[in-house]
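In this document, chain identifiers A, B, C and D correspond to the written order of the chains, with residue numbering beginning at 1 in each.
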Amino acid sequence: MNGFFYPRTATGQAALIPPPPWHYSGDLLTVEYRTDPERVRELLPAPLELAPEDPGAVAFIWADWQSCRASKEELLDPVLSQYKEAFVVVRCAFQGVTYSRCVYIWVDKDFAILRGMHQGYPKKLGSIHQTRPHPYGPAPRVAVGATFGATVAAADRRLAEAVLTLTHESETNGFVNSHPMAHHRVYPSIERGAQTDAYSELISSGSASFEAGPAFAGDVELRLFEAPTEEVARLEVEEIIGGYYRQVGVVWDGGSTLAKLIP
Amino acid sequence: MNGFFYPRTATGQAALIPPPPWHYSGDLLTVEYRTDPERVRELLPAPLELAPEDPGAVAFIWADWQSCRASKEELLDPVLSQYKEAFVVVRCAFQGVTYSRCVYIWVDKDFAILRGMHQGYPKKLGSIHQTRPHPYGPAPRVAVGATFGATVAAADRRLAEAVLTLTHESETNGFVNSHPMAHHRVYPSIERGAQTDAYSELISSGSASFEAGPAFAGDVELRLFEAPTEEVARLEVEEIIGGYYRQVGVVWDGGSTLAKLIP
Amino acid sequence: MNGFFYPRTATGQAALIPPPPWHYSGDLLTVEYRTDPERVRELLPAPLELAPEDPGAVAFIWADWQSCRASKEELLDPVLSQYKEAFVVVRCAFQGVTYSRCVYIWVDKDFAILRGMHQGYPKKLGSIHQTRPHPYGPAPRVAVGATFGATVAAADRRLAEAVLTLTHESETNGFVNSHPMAHHRVYPSIERGAQTDAYSELISSGSASFEAGPAFAGDVELRLFEAPTEEVARLEVEEIIGGYYRQVGVVWDGGSTLAKLIP
Amino acid sequence: MNGFFYPRTATGQAALIPPPPWHYSGDLLTVEYRTDPERVRELLPAPLELAPEDPGAVAFIWADWQSCRASKEELLDPVLSQYKEAFVVVRCAFQGVTYSRCVYIWVDKDFAILRGMHQGYPKKLGSIHQTRPHPYGPAPRVAVGATFGATVAAADRRLAEAVLTLTHESETNGFVNSHPMAHHRVYPSIERGAQTDAYSELISSGSASFEAGPAFAGDVELRLFEAPTEEVARLEVEEIIGGYYRQVGVVWDGGSTLAKLIP
């Protein structure tokens, strides 16, 4: 049987996602801020702990992606390669090492959901938008002075929106999402009435390779909205750290198990 | 941490799906036909085998659902409860017992994808439609003489379409999807370059309770179309068995492990 | 050239909508309430005036439709027939006669937008949902005691939501939307800088035929939400009149010009 | 009453589109080819005639847009500014002057449909994609050697797809869409059984201002597919003229009436 995740067939042609490596071109709009660290702690299952430094730091990140396998074939049928996402990253610690961790994420394609299942991102469908830079007409250039908007909605409700004006080139694109990711991969038990997981592991992963243009920092506003099936607004904005914009090329090629939890 | 699958939080409010039981109201349009049994065998991973009787039988099923937890709260915000799906079921055998098995499935909501992950359905997003019965105006009644259409597309391409005209009440709603389901639940290894699964089990599940109106059978046509990222058209229609229509109420409440495969 | 509205071709096959008559099967969920009549007056262009009786009455209506031409062919490829809408109706007067008038409306298909252009409904795209009745499982029956939810969103924002519990059969399905519609059909001038219309007429239309099941009335809640590109929340709910539910079959076959305004 | 087209209100805030001028940033992927001129003639209503030179020339164009009013406010809530379109342009003649004319077009937003109504474009909803250039990662740069894919689907069916590889800078971005547009603006009569238009005019319009990067030409393939509600595949590709790519900034500010036809 062939096919990386599912469905599996004789040829593997129908598989929703190819095996890694996965190649990405994209634009990242990042808002970093501080919230009450207790709200971060609530989102860290064992064996994770709060990061020792700046434990309430949060990154709200929008990304506008094109992704493909090494042959790039999905790029030429772009319904198979283009997707957008918005996600929330906190920091945490495991065995004395600081990791980044995605606690909420919305995407707009099924292949992105299944890649998230593989990588441990808790992906829901959403409607995600960010202003695209362009060299002509009214859209902003990637340059000091440019202003970008970013929004995310799910289940017919606006969840968050940001406006970022670039003020200067920056040495960093933020720090909250700069560690390897520490994610759980879980499978609830199929048994009737079970409240346990059949499978659970803690994994770590990061980019296999990375290229990027200059990072820009700027003035940013972020608004979070309540919704009946979301909790992102609990991560209240107490203090803005900064806003960042960067165009990147990334390769992701797997990770490694930090801890087998179940069985 | 609370939340049935993901994300997990202090309250569980943000979880994409609640814990079972899951309650469903829906309309099922089923087309049963025979294909080359070798095409079915290709889709049965170990330890499954071809069913001993009628091994090339296939059911192509459309379902128009409303689903919710026992409190029914999702019904009142129906973007959270309504979804449609089209799926392909074959039969297989494990340890001498015949099971049904879903080999391809498309749905139009994220909560349905994640429930599929739990139940072992290989769900992709699609655009699924079936004619709805209605007591007034041009739409068909649920009655002899009514004609229903059904279609499914994914990634901007039509994959299958059927037209069913009800000719008589029927004792059954078909036989291919009438066994408990035998599904794999797998998690590919996160390790770089691994071609193995970190987790794999064979599970079985079926409805915890079931109510339904009369089943109708009729004359049916089914057309399957090629697409670059799909293989459903390989299950060529060699002989139509029948077409069926039935309105049902279902409760699903978990299943049981048939075989732990990995680790 | 053939084709009812556009595009027009030698055969007419590509036309987005066929010529009337248009046949509909659907479920209507109606909330009637009173708002400040001045807010209604703001939405009535000349030569329309406030209705002499109950001038602040408003109907917020959800409809779940299947529509087709007389041959019913769209029913069998239901992506071409199924759509949902939510719309707001007020009353008005012209030459001493009371009319209904749709002031805001959202639909989820392009053919519905173009039919709206023809009929004078100011249609935008939206995400519209209402609980569907079903004879089995958790969904409500069409009967006293049943509870239905209804929601509408546009541009990623929830605009309105209602919950209706049927308490008794009713002689009417409400009164606000019970008159012939009085709608403007306008075409802004193409000339640079023109602030005028090139074409404007006031038309009237109603159903050519109508069949329906029993109407039900009940207890209802309606909530309206602000959005940057909408004004529906200005029609504040001052007093609920009632909530109604009815399944209908309708034929629409054109209307008549009440007044040629421009040229 | 305020609001450029509809709905009209006291403030104009709810209007689906603002008054012109409309400002655009976008990427254009153009395929030019020749078809049987009789197939073009079929699509030219009176008083238009075939263009005297190269009457069978066709341009199939994909565009990935951000659009806004002069204040640019829609750019910061990009669900209100971003849209994609695919459209087919032929040439025609009126009173001895050659014009371009859009005969088919698909877009993915409601505001684009209504702008099309104003400008005389026969817009339907579609699912439109084109590879986006990007400076990092696997996506193509805007440079010789880059390969772009483009696709359009409507009503769940793929209608056309193209693959373009840039081979050299070009003095032009094609010639078929380089004239002012000659479009009909029509309103079918509301009267029951009428087969006539209540309003019809022939208008002309073009860009009020234009800026652009270098145009590139290249090798291109175009495939057209049949669909029950489309006729674009009748414009068969007999001979490819060329493929082009260009990033542009455009302002559109109205047009002028060429001929009042009805009344």
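By definition in this document, contacts are C-beta pairs under 8 Å (C-beta built on N, C-alpha and C of every residue); 3 or more make two chains touch, one makes a residue touch a chain.
Every value quoted in this text rests on a predicted model; they were computed, and no experiment measured them.
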Tell me, please, which chain's centre (mean of its C-alpha atoms) is farthest from the centre of subunit A?
-> C
For the pair subunit B and subunit D, the C-alpha centroid-to-centroid distance in angstrom is 40
Distance from the mean Cα position of subunit B to that of subunit A, given in whole angstrom | 30
Please report how many Å separate the Cα centroid of subunit A from that of subunit D, as a whole number.
-> 35
Residue numbers in subunit D touching 2 or more other chains?
-> 77, 79, 127, 129, 151, 153, 156
Considering only which chains touch which, how would you classify the arrangement: line, ring, star, complete or other?
-> complete
The subunit B residues in contact with subunit C across the complex are 23-27, 66-68, 72, 75-79, 81-82, 127, 129-132, 134-140, 147-151, 153, 161, 163, 211-213, 247-250
Complex contact set, residues of subunit A against subunit C | 127, 129, 151, 153, 156-158
Across the complex, what residues on subunit B touch subunit A?
-> 1, 4-11, 13-14, 16, 19-20, 42-43, 45, 77, 79-80, 103-104, 109-110, 113, 117-119, 122-125, 155-156, 185-188, 190-195, 198-199, 201, 203, 205, 208, 228-232, 253-257, 263
